[in-house]
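Below are two complexes that have subunit A in common, paired first with subunit B and then with subunit C.
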Partner chain A sequence: MSLINNLEKYSKTLLLSTEEKNDLNSFFSSGFPNISDEEWKYTSLNKIVKNDFVVEDLPVFDEDNIIDKVSLGFKNKIVFLNGKLVSSPKIDGITISDFKSFKSKTNNSILSLNSSMARNGFSIDVENNTVLNSPIEILFLISSTRNTFLQYRNQINLGKNSNLKIIENIHSIHENLAFINHFTQVKCDENSIFEYNKTQNNKDNFSLIDTCNIYQEANTTSSVNTLIFGGSFIRNNLNFEQNGENAESNMNGVSVLNGSQFADNHTFVDHKKSNCRSNEVYKGIYLDKSKGVFNGKIMVRPESQKIDAFQSNNNLLLSDESTIDTKPQLEIYADDVKCSHGCTIGQLDKEALFYMKSRGLAEKEAKALLTYAFTNEAIDKISVPEFKDKCEKLIAEKLNVKLDFNH
Partner chain B sequence: MLNIKNLKAQIEEIKILNGINLSVNAGEVHAIMGPNGSGKSTLASVIAGKEDYEVTDGEIEFESEDLLDLAVEERSNKGIFLSFQYPVEIPGISVSNFMKTCINERRKQQGLDPMPATDLLKLMREKMELLNINSGYLSRNMNEGFSGGEKKRNEIFQLAMLNPKLSILDETDSGLDIDALKIVANGVNKLRTENNATIVITHYQRLLDYIVPDFVHVLYNGKIVKSGGKELAYELEEKGYDWITKK
Partner chain C sequence: MSENLKKIEKITSSKYKYGFITNIKEDRVPNGLNRNIVKTISKIKNEPQWLLDWRLKAFSHWEKMKEPKWQNLNYPEIDFQDLCYYSAPKEKKKLKSLDEVDPELLKTYKKLGIPLDEQKMLAGVAVDAVFDSVSIVTTFKETLKKAGVIFCPFSEAVQKYPELIKKYIGKVVPYTDNYYAALNSAVFSDGSFVYIPKNTRCPMELSTYFRINAANTGQFERTLIIAEDNSYVSYLEGCTAPMRDENQLHAAVVELITMDNAEIKYSTVQNWYPGDEKGVGGVFNFVTKRGICHKNAKISWTQVETGSAVTWKYPSCILKGDNSIGEFFSVAITNNFQQADTGTKMVHLGKNSKSTIIAKGICAGKSNGSYRGLVRINKGATNSRNFSQCDSLLMGDKCGSHTFPYIEVKNNSSQVEHEATTSKIGEDQIFYCNQRGIDTESAIALIVNGYCKDVLDQLPMEFAVEAKKLLEISLEGSVG
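Now for the complex of A and B:
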């Protein structure tokens, strides 16, 4: 059986509302996106969805110290084991609860699938004026002896003048296929500050579609840092909608891929109000036969003046067989706008390598240090030191060197 | 310390060095002068081990060991340091982070533990003082946005940190005003001992007022055509290179 059949069978076991039924029908009528869809031109799901999956139905597992092993050690932790919420912290001014059904503003087949049948996820409500200095760490751990398809549907609501930082890690432990359809909706009320740090570091049996929709009111700053170190297939859809003036959206991404890993970052910033900003820095490093896709769309609506939008996507192809497809997509309908974008594809600078080797660094270390330097513009934006350290360690690990990149 | 015999080198079939002979002993300062395109920078790069150049004949011995078989980093770790004519900008890596990595990678090869962070910082501050460098410098990215003078000072700072046996200063005076030149020269002089040696590559005699050479060599068409004491530099300044090359 293929995943579509598995999903059909699973849907019959659920009690669906009218809306959910509609979403489900819309998913089944269009199916999974394929490469004839412009948004999925370079990104094929075929190899994944042809497999036979168990949908959702997995027991909570008890793995020795697994949480301690994966966690960065923050006090405030939300933990999911095979889809089930097993622990969540109590924090003043913040309500954290298990999955709550909600309607999403936009829809596509992946989101229809999610809205119709997802029954797992979290809901975080931050009260007005609540400022949390330490981040909340969210772990989604998966362990199964069968191929597993899981969906999460999460929502985060930030009250006025609130401040929240999240560190998220979706991590599969065992050797079977795991395919996750992850969706998070974030609403940022006026004057709030939000930082979302994601690590996607998995083995080659792991596939992920992660959609994150962020809605920003006036005077909000919202930043998403996406650090990809592995997985056979990753597709990130990161969408910002600015619904108030003086909103700022920041996106930073680093992908370091090897083997035949694949990662696709699709971003979209919708500047719907005047005097707003967006900053986007994505760095890709591709080894072996790995493949990357970047598509950065910026929309400036006719009524949105004084927009300052910056986008860059820089890629290093460190092998002959790695590839990157990159596409800036700017739609600007207002005239008083500052918008800049640039993308580069290249190799490590030979002069710089000679310079570093002439100071005693061996070839491998010099290359790794230069590669790290290349990512640093994005890494530097992370405000949580523990997360930054972890990412620097993962880069060193991925480049197979024992270097401490810390400053 | 350094023995170069009949060294010939080329890049993409273009012959640049046509039989260089040079001996440098510990405690000595050698100046290599010559007109543009005479092969001065190529000689520096070949000693440092730059792969772009193909050595077609001759040998380079460093402390009685064949240098030509060693990789760039091995030469560096044996004690050869090249101060670049055009230091490379490396955005994304700070001076202190770069220095820390270089020092600790070298220690690793010597079987030593990494240098404790406080010792390293102390050492860096000491060398910065020697070169009148202010403290904000350590957190700046390597050579990124540095002025010509700052770049050259950064080269000598690295030289001071790595403490080589043989320093090759490739056009260290270019791009320096007279005050910066004095600071850099003063730094180089303070690092001189009877156990290390320096090769100064320059167009002009000016730098040699501050770093006084024991020997001056004139390079022309990839060969050393004249050698002498420091007075040779003055003679060149007065008469120009034509005086030698037209002979």
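Now for the complex of A and C:
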């Protein structure tokens, strides 16, 4: 049975509200997106959705020290095991709770599916004027002896003048296929600051569609750092909507892929008000037979003047079998703006490599060092040092060198 | 009125002797599109059976296709069954003197600096042979003949050089390519055919302007240019003077074939009627242009797009041979309610192939301009290189400018760079000019010309001068 049959069967056992039924119907009428859809031109789900998946609830598993192994060691941790919330911290001014149903945009079939059938996830409400200095770590761990399809539906609401940092890791432990449909909605009220760090580091049995919609009011800053180190299929949809003046949206991404891994980053910034900014830096490194897709869209609505938008996408193809398809787009309907994008695809500089080798570095290390330097612009934006260290270690691991880039 | 002018008026009041000679009885087929219409068109043009078959195949394919909707354009639905697909090149009613010509049009001609006799020709005023370009054409044809260059209307080529047409038609743009290419293949009216033999450098720039019957090639133009080994040709299409045309829909196809070491330079100035200030009327222009480059060959597209209510055009290069080069230089200006969705495709197949894309968009009024481009580097195209630059200049807060580049790279020895910027003319720049006694409108013209210089420099000399003036006229009234 294919995934869509599994879902159809399961949906009949669920009690759905009218809205959920509508969403479900719209999902079944359009099905999973295919490559004739412009947004999925380079990204095919066929290989994944043809498989048989368990879509029902899974039992919570108990594995020794698994949390300690995966965690970066922060005090505030939210842990999900097979979709169930098993622990959450108590923090003054912040309410953390299990899944709560909420309304969201369902402008594609993936989101319709999520909004109709997802029953897992978290909800974080940050009260006005709450400033949390240390980040909250969120772990989504999956372990099952069968192919697993899981959906998370999360919401984060930041009150006025608040500050929140999150580190998120979705991790599958076992050898069976895992396919996750992850959705997070973030609402940032005036003057709030939000930082969202995502690591996507999994084995080749793991597929993920991660959608994140961020709504920003006036004077807010929100940043999303997406670090991709593996998974057979990753699709990130990152959408910002600026609904207040003087909002700032930052996106940084690093993908280091090998084997036959695939990662697709779709970003969309909707500048709806004047005097806003957006910065976007995505770096991709592709080894072996890996494939990357980047699609960045900046939209400036009419009447949104004095927008400063910058987007850059740089890619290193380090193997002859690797592929990159990139599409940086601008859609601009206001005149007093400064918008630019740049996109490059190339290789490591031979002269720089020669320079390093002539100073005694082995070729592998020299290449790794140059590659690290290439990612640095994006890595540098991460404000949590522990997380940054971890990312640097992962890059070294992925490039198969024993280098500590920081020392 | 000067003495000379009086003389002209006198001569021109006589009936135009050099109208189109046509022995076709029906000059218009009924509205609508079906197999019979296609057959009729082919019959009128006395085409061989294989071409009719080809047209019919294209037509059946077109019937199965859907009108594309992906473009960033907004226009009323076209009723393809309510159009006339062929009207014989009939003699237009000639005006007696320039006095009868729309004064607006004359004003434009004056600004463009078009000589008086040319003005008359363009406006449809009858001009005697002395002032006509016929004499020029005669000498022109002789020079070409000496060089062995074939330059003639497409329908003439079908009769005279059927083997060449049969060999190359639809080879670069097959009729299955897209909706409008299929439509054109089924009902194309006429166009140009150019053949440059081996080791020949075409002695002069070929221009549709000089092909006298080019004035009425109909709405479905088809151009085929073949440059054999080691040859070179520069081809100019269009005209800077505004063209009035009763046809709303234009769907042209241009195919370029460059054999080893050959080069084709194709320059276009497109200035079809863009509709009035309120966006009423205007030409819908859907063009498929593509060239194929064999070993060491080069194709260079240069275009200045100022006209048409709707433009849908992507001149492309297939860089098949090793070391082949593709270039695309474009200026697209939209004003009032105009819309343009234009760009290029560079498909790299050969080793060490290079491509350059420079696209400049200028949007004013309530217009929308889009750049849509594809750079694809295939696996075998090692050491390939692409540089793309797409800049947009916005004038006024009601217009929009968009960029949709697609970049696909499939090997690790190629380098691709793409950059795009969108901004408006800085107030400080205008202030600087004002301060030095240049009024705002001239200042903008100055800045726009500087902004487009990279592209205008690619145009042949006399074209470049006119194009510069055209930019100024197109943007007139868009300030303050």
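Methods note: the second predicted complex is superposed on the first by the 404 of 407 C-alpha atoms of A that agree within 3 Å, B and C clash if a C-alpha of one lies under 4 Å from a C-alpha of the other, contacts with A are read in each partner's own complex, and residues count from 1 in each chain.
What we mean here is this: a residue touches a chain if its C-beta (ideal position, glycine included) is under 8 Å from a C-beta of that chain, and two chains touch if they have at least 3 such contacts.
These numbers were taken from a predicted model, which means no experiment stands behind them.
On the superposed subunit A, the positions of subunit B and subunit C stay apart, so the two partners fit side by side. When the two structures are aligned on the shared chain, A:Glu365 is found in touch with subunit B, with no touch to subunit C. Rounded to the nearest 10, the angle at the Cα centre of subunit A between subunit B and subunit C in the chain-A superposition is 80°. Once chain A of one complex is fitted onto chain A of the other, the partner contacts of A:Ala334 are limited to subunit C, with no touch recorded for subunit B.
When the two complexes are overlaid on their common chain A, residue A:Leu403 makes contact with subunit B while staying clear of subunit C. In the superposed model, A:Ala373 lies in contact with subunit B only, and not with subunit C.
Look at A:Asp325: by the touch rule set out above, it reaches subunit C but stays clear of subunit B. Looking at the superposition, the partner that touches the larger set of subunit A residues, subunit B or subunit C, turns out to be C.
When the shared chain is aligned, subunit C comes close enough to touch A:Leu317, but subunit B does not.
Least inter-chain distance for subunit B and subunit C in the combined superposition, rounded to the nearest angstrom, is 17, based on C-alpha atoms. The intersection of subunit A residues touching subunit B with those touching subunit C, taken from the two complexes, is empty. The touching residues of subunit C, counted against subunit A in their complex, run 70, 379, 392, 394-424.
The touching residues of subunit A, when paired with subunit B in their complex, are 349, 351-352, 354-363, 365-366, 369-370, 372-377, 403-407.
Interface residues of subunit B facing subunit A in the complex, by the touch rule stated above, are 48-51, 71-73, 75-77, 81-82, 84, 87-88, 90-94, 96-98, 101-102, 104-106, 139, 158, 162. Residue ranges of subunit A in contact with subunit C, taken from their complex: 38, 42, 302-303, 305, 315, 317-320, 322-347.
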